[in-house]
């Protein structure tokens, strides 16, 4: 389950719930990185069309962030994980809210994207711990 | 642009084409890993419902593989990359075909998924090289 | 916000989070009713094509159930709701799992659909309470 | 087929065309309510970002309205219904146009949303009558 | 608005409803041709996997047929067209039903696809007449 | 495989890769025509809402153009075609780029749409030649 990617070693986290399943917080993170980039690029520009397109794509990417996190929470995490990590529910709820109207969807403040990325990393830490056990 | 993920260091490759853009061959790879898992799981089972669901999800995930690779080829790679890597067109074409009817969509042979993963890794190597330059 | 529908009075629950938003557990329930109907219809039939189509549509409708419930949990419910209803996280998590691989996606057992409907109704009860306050 | 929802009794209208099917004009109505809310909220605001996001989401929700109404017209209603309700074709055509470019998609006039809601209610009345028969 | 395509002259019918719009019954026809091909190919084969994939893709393509026809009916055709062609409503309704559960979605009978194609051609005739006027 | 459409004879190009498949460059062309119309209509107007909606729909239609061209390149064209038409890879790559950020997505210049249409016609010429053989 190791593959060289970009010269680095990437541990593609995997769990089989059926059918499949390959879970990986990287999916949410890649979209959230994209959201941050869009915010920065739009803030650095004064082209109204770039802003309009940025708003549109930020909306879609933020929705993907929400979706990928929801999938982890529902499909990957199980009751024992929630018992061991009682903060996990609120963490996931806050992360998905940070990709919504009160977060990156409704704001051009890059700190919203940073907060979102930090929450995704917290979820990824817990995810990583559950893979060790 | 470094983030700890699963206890490992993940270099989220990024490139800004605008609006955005965060490109990462990991997106195609995660879906292709999923396709391989589905094939293995279905081959190890004799439940017809699992096979029916696996066929359906394999179709969707394979389509995602194609989409993510197409996006890299059109949105990330530029003429100088094609000049430096003249095999890149056929590599991408073969990779997307391997996720189609003559590949993982139309087969339960795990070697198709392995071939697909190997092609994605070849694309990822070239991708990584272009990031260094 | 009252509208006659089917001869009955339907209170379309609404909440504005921005932009919009009209939240209503009925969306999840309609899809879950559909899932139950599909299961019953397929179980009462011996047509393999109906079963194949039923499996496919059951997969899609179950996914919609998950999506509608996730939206309620992330976009509608707020921290005070979670404090007042500490069981809400697990309730939502169990409901979405019941529309997944271990629930209506992976089974032809009508009791899975009934369990899913019961969970949706529990969420709807809490939802209704929050509208009163 | 009765379920308590939000403290009220909701008659989830159902009809099985197969596979499934649960038809309910509430689906179109919920989206149309959302469209109306968006229009009101944007009209009451002077935030250009809220307007831009509202325009985007209004487009999507209006499309959902069209889709749900089309499904009723094609999948639920049958020739005898059209004979009994000769106005039904134009009613459906006008309702879907009201969710399009000449209706809620192309306008910030709340009366367009009200007209759309009124048409949906007319369709729902006919729908309810057909369930009695 | 003429373009050589496949060695023949293709008159891409166009009408601007705004924003845009380019309407063309060819979109529905291409998908319906695909549905017919799938049916023929599956009927000529005894590979259960081809049948399973064919069923899945037939479902999606049939849905696209419905969507393209609905768009013509709601977005392109206007009241004067309906007055001049009083059969148009039922024609469209029948065409979309022929791409549904009682048509190509629910059957492997190639005559269903032929009936669907014939209805699309009837709609295309009316469409062509309205372009002349 | 001939059908009268709009008073003209349309040769619906078809190829069966399985399952199905009906390939036709007309699909990409219709969407690209739509993109051109949107650009013209928005340029001729000073309504900011029409521009905002045009930007949104131009984004979606451009994405469809990309998708339809990618499908031709991966699913229809085979190695012998690439040998006979060595320019095909770059032609397809340029066409899809012309429907992207550096093309019709990121611009209101109608010449971008004209360039895109010309590239699609070049692809259609090659497509037509391969059907003769």
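Quick notes on this one:
Letters A, B, C, D, E and F name the chains as they come in the text, with residue numbers starting at 1 for each one.
By our rule, contacts are C-beta pairs under 8 Å (C-beta built on N, C-alpha and C of every residue); 3 or more make two chains touch, one makes a residue touch a chain.
Keep in mind that this is a model prediction, so the values were computed, not measured.
More inter-chain C-beta contacts link the pair B-F than the other of B-F and C-E. Relative to the C-alpha centre of chain A, the farthest chain centre belongs to E. Centre-to-centre, using mean CA coordinates, chain C is 40 Å away from chain F. Note on chain placement: the centre of chain E and the centre of chain F lie 19 Å apart, centres being C-alpha means.
In this assembly, the C-alpha centroid of chain A lies 33 Å from the C-alpha centroid of chain F. Counting partner chains per residue, chain C shows two or more touched chains at residues 18-19, 21, 52-53, 56, 106. Pairwise chain contacts present here: A-B, A-C, A-D, A-F, B-C, B-E, B-F, C-D, C-E, D-E, D-F, E-F [touch as defined].
Against chain A, in their complex, chain F makes its touches with residues 52, 55-56, 59, 105-106, 108.
Remark: chain B residues 17-19, 21, 66, 70, 73-75, 77, 79, 82, 89-90, 93, 96-97, 100-102, 106 touch chain F in the complex.
Across the complex, chain A meets chain F through its residues 49-50, 52-53, 56. Against chain A, in their complex, chain B makes its touches with residues 1, 3-14, 16, 18-22, 24-27, 29-31, 33-34, 37-38, 41-42, 50, 53-54, 57-58, 61, 117, 121, 124-125, 127-128, 131-132.
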